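Alright, structures below, take your time with them.
Below are two complexes that have subunit A in common, paired first with subunit B and then with subunit C.
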Partner chain A sequence: MAFNLTRRKFLQTATLAAASVPLANVVTAQAGVAKSPFTPSGTMADKTMVGGICEMCFWRCQLVGKVRGNKLMKLEGNPKSIDNGQSICARGNAGVQLLYDRDRLKYPMKNVGQRGAPKWKRISWDEALDTCAKKLKATEQKFGAKGICMFPHGASAKYPMQYLEHTVGTPNVSEASFFQCRGIRDTAFLATIGTPPGENVDMANAKVIFGLGCHFGENVHVSHTKRYLKGLENGAKLIIVDPRFSASAAKADEWVAVKPGTDTALMLGMMNYIIQQGKHNKAFIDKHGIGFAEFKESIAEWTIEKTAQTCDVPADQIKRVADLLADNAPNVSIHPGRHVSWHGNDFQRQRSLGCMMGLLGAMGVKGSFVKGKGPKGVGKVGWPKGEHHVEAMHVAAGIYPYSPPGTPTDLIRDAAITGAPYPIKSCVIWGQNPIQTIPNQQKTIDMLKQMDFVMCVDVMPTDITMYADILLPEASYLERYDFIKTGTQWDLSGKQQQYISARMPMVMADFERKDQVYITNEIAKRMGYGDKIPVSALPEMVDMQLAGAGLSIAKLIAEDGIHLQPGIDPYGVADDLLVYFNNAEIADYGYPASPTYIAVEEVPAGHFRLLYGRSPVHTFNRTQNNVWLHHAMPENPVWINDEMAKELSLVNGDRVYCVNSEGVKSRNTTIVKVTPGIRKDCVYMAHGYGTKNPAMSVGAGAGIDDQALITILAVDPETGCHGMRNNFVKLVKA
Partner chain B sequence: MSATQEPIRLAEIFRFLAQTMRYPESSWFTDDFLSVFKELLVQLGHVPQKSLPAKITDAILEEIQVDYTRLFINGVPHVVAPPYASIYIDGTLNSTTADKTREYFRSHGFDITTNEFPDHLVTELDFIALLEDEKQGSSEEFLRLYFRPWFAQFRDLVLAEAEVSYLKTAVEVIDFFTRIETEADSGQAA
Partner chain C sequence: MQYGMVIDIKKCVGCHACTIACKAEWEVPADKDRNWVHRLGPDNTPHGLASTYYPGLCNHCNEPACVPVCPADIIQKTFTDKKSGKTKTLEVAATYKDPFNGTVQIDKERCLGCGACADACPYNARYVNENQINEELGSEGTADKCTYCMPRVEMGLEPACVQTCLARARIFGDLDDPNSEVSRYKKMGAKSLSSVNVNIGSNGLYYGNKRDMALLTATSTPQVMPEANMRRILMAKMKPGFNKAKKLGMLGLVGAVAMKGMKEDKE
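And then the complex of A and B:
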């Protein structure tokens, strides 16, 4: 379209006489710019905002933000932090990019297309909230609260999760951080040493650090990494059990290239050997052990020879490692791991780690399993519990007795798909991307497609958001108050201190992004639960929590974002500590009372077991669209043993597809990393790549989505958690 | 002379153009608005295309909203034409260009009042309107230094990718009113 006149000519001659109304009458919006005091160039002052708490990963380091206007320029560790100190990792730094990611969700949107093939239309918050509440209420009225399920993740999901669980009353909540990650560890240790372990090993002061599948350095959690590196600096011996020559294995004194899936056998073999050698901590066991005799008898079959054969590890090395542990006990860090949902036999393996701690007496003393003694007093604010209590499916069925909180994921998916034991017709997804967290993606999609309503709340258009009916844009961790972080100095042997900090916004939220309290409260009001709302706004919630410790947001700001107070010596073993080597309660439920190795399926001919892990510059899928981090590691090379690569005529840098044993082919390709640093029976890649949603313009199609290849489901019988390393792939040249 | 017969002020035009690029909602995207838009095209010597709707219905409004969302907010496969200068100048959102733009506003006695970034198309058009309110022609420097360097790329993307005519046409009208006219252009026209 060409206009054959000049602007000057137009202004000289034009009128809008023929229009139905004057020009000015149809301009209704308030201008986005207004008169303001004159400000000379270059005088926009920089501010340092305190109180930042990172959430690029779950570790949540303490931050300060350098802000100009309402723009965050840079993030740094809070100099007052006794946790991460001034250090933050690559992902922490790249939070600035998350904030201003061009693909970020900005306004509430309605899907006027299909689930999976969305066509988005911006809508008002009122319309979005009305729709969410109306649909959720309709499900509640027709099917009961249990007809609603939720997949939450992250600090912001806690408040809405409590609303749905406590007040509305659905038990059908499944957190990936439990059921596809650490839940097995927590309940296994509860059944062994009476407490979930976290990652509380005093590595900084250890004589030996033992990691089973731990790839420190590739998983970077700052204060945790500091403990690990301090330990190495102090001369700790490092033992890494991993089929792959990981970043930690590269620093190890002993790299145990165990056959995947046989880790429990290795633990049992080493413990049996230690007992046979009389090197176990008899005094500790006498005082704190329960069922040691039964345990000893139960693992007696695990001779060094049998262990070596089962685990494909040299007998001499098993002895060396066991001796190293026993000879340096009790100052030994047996790392409990974190992402432990591996093979569907994981509860037993995690129990064996707890038993090894007990066997060596590696608890409560320097260098062992030690929980810091953090501050007390921080209060809780939550939604009240409703009158109607619905039993979770696994409780009603008497299965998965050691399930973490919530409901095992597959029970929810199966119920939704089959309608049995009851229909599940509305789905709330908050901060989680179940496409990339839960194995067998098709099953997740089938679940979503039969729903009457699906709503997602997120900061980015992740894969799961393609299946939403209503998509709500959330304020990020840099734009809101919420999480209270407490703890102690990172080096447990240092000056004893405690800290209390609360997340505070670095900048105000742009566009129409809202926080979890606003969104949840508005939905609750519309669903008839307005009288149950515990707080009206996030700052109010944080102040109420802090009040219990005599603090407030204002006081924390005056203290540069972190309150410090004298700490308590964390060392010492409580008299009432019990270590359940043999736990009769587990046997009552029909599972082995002593840790027991349960063999996993062998690798089919022509295939490799697919292993996955963390990348130091990504938090699985959550950071894939971050352009800074993408540049640091744009795809996830697949590691393959050099001899196997030769057999397949693959060389470094070749592009390949992966095809699993059920015929599922990866959507994308990646490059091959040929190395002697991995066993011949497996391949490895970093998890979280290969985003499907093209709306993530940086991460989409970059690398291979390993979760898409995990179609064979393994479920841990004691916990109901998934095992995700029981799938097998071929590499096919692209 | 009725109100509508008075000569049009450039500031009013820019304010109207800013409105054309706001998210279309039933509260303002009405038959009256469309009538003014079409008349503006007539005055520009252009017979409005038949593809512009005759009346605004719910279906037409939704069609434009969906296209607007896809083009400018969050789209599949991705946002086609982000309406931010930073994207075209620096390759990222809310970058140095956004800072400089805001600094320009402030150095002329203005500042942003919403959650939008200062280099958003609508914000810049609002600012241009305010400058023109103060003194006709005073927006030329901003147009030359800040607006035109990115707008042409944005315009081309919208013209190539928009599915509804209204948005294409609006962008072309903005293009006309923000072009830097040379002395020669003005002379010819006079």
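And then the complex of A and C:
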């Protein structure tokens, strides 16, 4: 493969030419390839740009771009990658359509209409930056830094987030990736095994893979899915606990159709049974366990019978699954999950998963929980911490002791709406779409309506951008430097290698799009923090970070975008590893020290519990306007059990609205999918559909926005994170 | 040599990457597909509850239904075997089966864009690409479909869908070579989606466990051969003439009505 080694030159000389080259005009000189102007040439002879790092999702696979003229034609996995290899997923492939989406934000805009019913006027960058800085400064001066809140998401939001948190000094930052997703997992595992687990299970070498709500296949992260499939190919038994016959359940040896919300009980019942059978790993527990006796006693009530009844799972199956785990221990992958903010009882469930790892000794050995040993040395560059330190609201109030970093979302919303404990009057939204991310949309709207100032930075006109006063167009992940990605070969048992790569642009940013360093620095200068600016431009930041590992952008380009070096065997259990089966510190805060099942509200008569999950062609709500992805799955059918459908006279393909138990009706309709593959007490739909912003010409009106139906708030008491599966809906024929 | 593709639905996770990679590689219009993934089930089968995928594409059939219906002028076309350098001359219309590698291809310069081949394919593997208009022939587009990525394969690359598949669920190779991976799958029981009425030697083969295969074959095997639309074929044969006439302003009312009918037929 001919890599392009003159990237810098290309980037310097590339012009901002129009994005679309009409197909028929593309003439290629490649003999034997293109035969006529009606035959597309393929991208084989196009220039290869190295150093791409995908951000269609957070997994960040390594890419090369195929560039014709100034146009990016195609993205592929970087052949040098030891992570994703040449594979990328549907969304990764569709990055081209995000880049050239005609609805993308192009110029700085000022809202001359209402928040929520915007009228946009194009303004200059100078005017936009002046306004942002003036308004944020006014809030800072009147209410203190804590009067500003931020909702960030993605690699580009890190730099401005640090500016606001460290230098300006507001604690009111709420990342959806923590508070509506994985934060609970990370802090629960910290309190159990002393480390956030990531998705680090060695599935490729496991004898059993155990997933609680994991729907690999619908949820695709390339190297992660590769590990899972390699495990299955090697004969691993697969156990999937899910109320729905998911993509993974369809490949499973055991599908445990658990009653939603009772997963913790299932875990406790299985662990109690394993202990009763004497099949727990006594040597491991003796060496690494803390509080095992208390734990054992605390879960003794969870007999197989009680568990079967609580979870609505056959007793035989519970035994079978527990035996399968115990008999194959320790080479068992207990998957820690990722999106775990389900029912408001989630910290305890996540603790129970960590305890199961400990019970089986499924840590550090082949096929179990194992963290790869990635390269060291990549440096940090960031905004300096200011002098005045403001305590976050939950810290000051002594609540949510296991909150992930930042401030729990509802504390920010409530403070903004009520003015207590203090007013929050400016809101910075960077890459996040809180409307479709955070439950109870009306509350988010109320919060925004009372602000003195709202600014959004994004690539697309998402729902939240309708509430901005100033809307700034950002360079996408294909048009900028930034993220440093490091790691090891995807199969932990393979040849031990490490990699270091850094995101590099595939093409120049078009129109008036700017990157996060430019935008943040310009605002900082205007707010009087110019002397605190850590770097003047993105490439400079990346070079400073890489220097710590003896690398630079130029060196990485010369190495086809990825630096490889010998790695370290990741297996082995550290002598000082501790597994807190019973954690007294949690009791000190007033919560159960041993994992405990807390029942959730039952489904009201005539309703179904609303479950949501991933579609393989969408990431959160970020990709719904992508024409290629939209065409692959244009709406999100609502799954309903076949017997329930019969009772309700619903047939496949019927068009319905969803109405929740608080009377909120979905804006759009979708089609019914009648299947025996879901429990009778719930319905399911893929998340990430139904944007209400008409500026999203592809996604608007397509499918149902599940978030609009999630109005009942459940907050996990230990962490302050949201649970989003405690809402109930009816299906109403359209 | 007969190129073929096996899809191992035991491995496939239904991620749709294959369909999107193809769109990028060959500039396929957003609403058309050279390959597709249909999500099947969950549904009951005689072997238990199943949910799987139908990743489909042109099967480069041994007796392709799409080839004989092509109304374009017959020409003599000389094919060259890439390996041996041997040549063979055949009489072909605008779409044909390559005698050396077994793929079914389209001569874009001569395609009338009438869509007769698309109608004739029982697998729905063809479409008319309206971005590719041959003004000389007065076409409204040209027929398009999967080429098994021959231009890539000739350069030693994998087909775009195969390369991007994280599951390695798509296996491409020579079914005439008994030692190839695709032949190995065939021996293990990989099957085409064929029925009593649709049995045209599809070289797209599927492999999976009993329940997934039961669901795939029950939902996705074509049961009837589409009727080739004779009227359309006839009209298409006349079309170049019509267009010349139209350009010269000689069509008249009757001709204009005929043209309109032709268009509606297509919709």
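The rule we apply is simple: the second predicted complex is superposed on the first by the 688 of 734 C-alpha atoms of A that agree within 3 Å, B and C clash if a C-alpha of one lies under 4 Å from a C-alpha of the other, contacts with A are read in each partner's own complex, and residues count from 1 in each chain.
Note that in this section contacts are C-beta pairs under 8 Å (C-beta built on N, C-alpha and C of every residue); 3 or more make two chains touch, one makes a residue touch a chain.
Just so it is clear, the model here is predicted, and its values are computed rather than measured.
Peer 1: After the superposition on A, what does A:222 contact: first (subunit B), second (subunit C), both or neither?
Peer 2: second
Peer 1: Applying the touch criterion given at the start, work out whether A:39 contacts subunit B, subunit C, both or neither, answering first, second, both or neither.
Peer 2: both
Peer 1: Have a look and say if subunit B or subunit C is in touch with more residues of subunit A.
Peer 2: B
Peer 1: Touching A:422 in the superposition: subunit B (first), subunit C (second), both, neither?
Peer 2: neither
Peer 1: For A:571, decide between first (touching subunit B), second (touching subunit C), both and neither.
Peer 2: A:571: touches no partner chain.
Peer 1: Once the structures are superposed on A, label A:106 by its partner contacts, choosing first (subunit B), second (subunit C), both or neither.
Peer 2: In the superposed model, A:106 contacts subunit B only, not subunit C.
Peer 1: Can A:143 be said to touch subunit B (first), subunit C (second), both, or neither?
Peer 2: neither
Peer 1: Which partner does A:627 contact after superposing on A: first (subunit B), second (subunit C), both, neither?
Peer 2: both
Peer 1: Going by the contact definition given at the top, which residues of subunit A touch subunit B in one complex and subunit C in the other?
Peer 2: Overlap of subunit B and subunit C footprints on subunit A: residues 22-24, 32-36, 38-42, 44, 97, 627.
Peer 1: Can you check the complex and tell me which residues of subunit C touch subunit A?
Peer 2: Answer in residue numbers: 10-11, 13-17, 19-21, 23-27, 30-31, 33, 37, 39, 41-44, 49-52, 107-109, 111, 131-134, 142, 149, 151-152, 154-155, 157, 163-167, 212.
Peer 1: Quick one: in the complex, what on subunit A touches subunit C?
Peer 2: 22-24, 32-36, 38-44, 73-77, 84, 86-90, 92-94, 96-97, 216-218, 220, 222, 225-226, 229, 233, 245, 247, 249-251, 255, 616-617, 627-629, 631-633, 675-678
Peer 1: Which part of subunit B faces subunit A closely enough to touch in the complex?
Peer 2: 2-8, 10, 12-13, 15-16, 18-19, 22-23, 25, 27-28, 30-33, 35-36, 38-40, 42-46, 62, 65-66, 68-70, 73-79, 82, 84, 87, 92-95, 98-99, 102-103, 105-117, 120, 122-123, 126-127, 129-130, 169, 172, 176-177, 179, 181, 185-186, 188-190
Peer 1: Considering the complex alone, what residue numbers of subunit A touch subunit B?
Peer 2: On the subunit A side, the touching residues are 1, 3-42, 44, 68-69, 71, 97, 100-103, 105-107, 109, 112, 117-122, 124, 461, 466, 508-512, 627, 693-697, 700.
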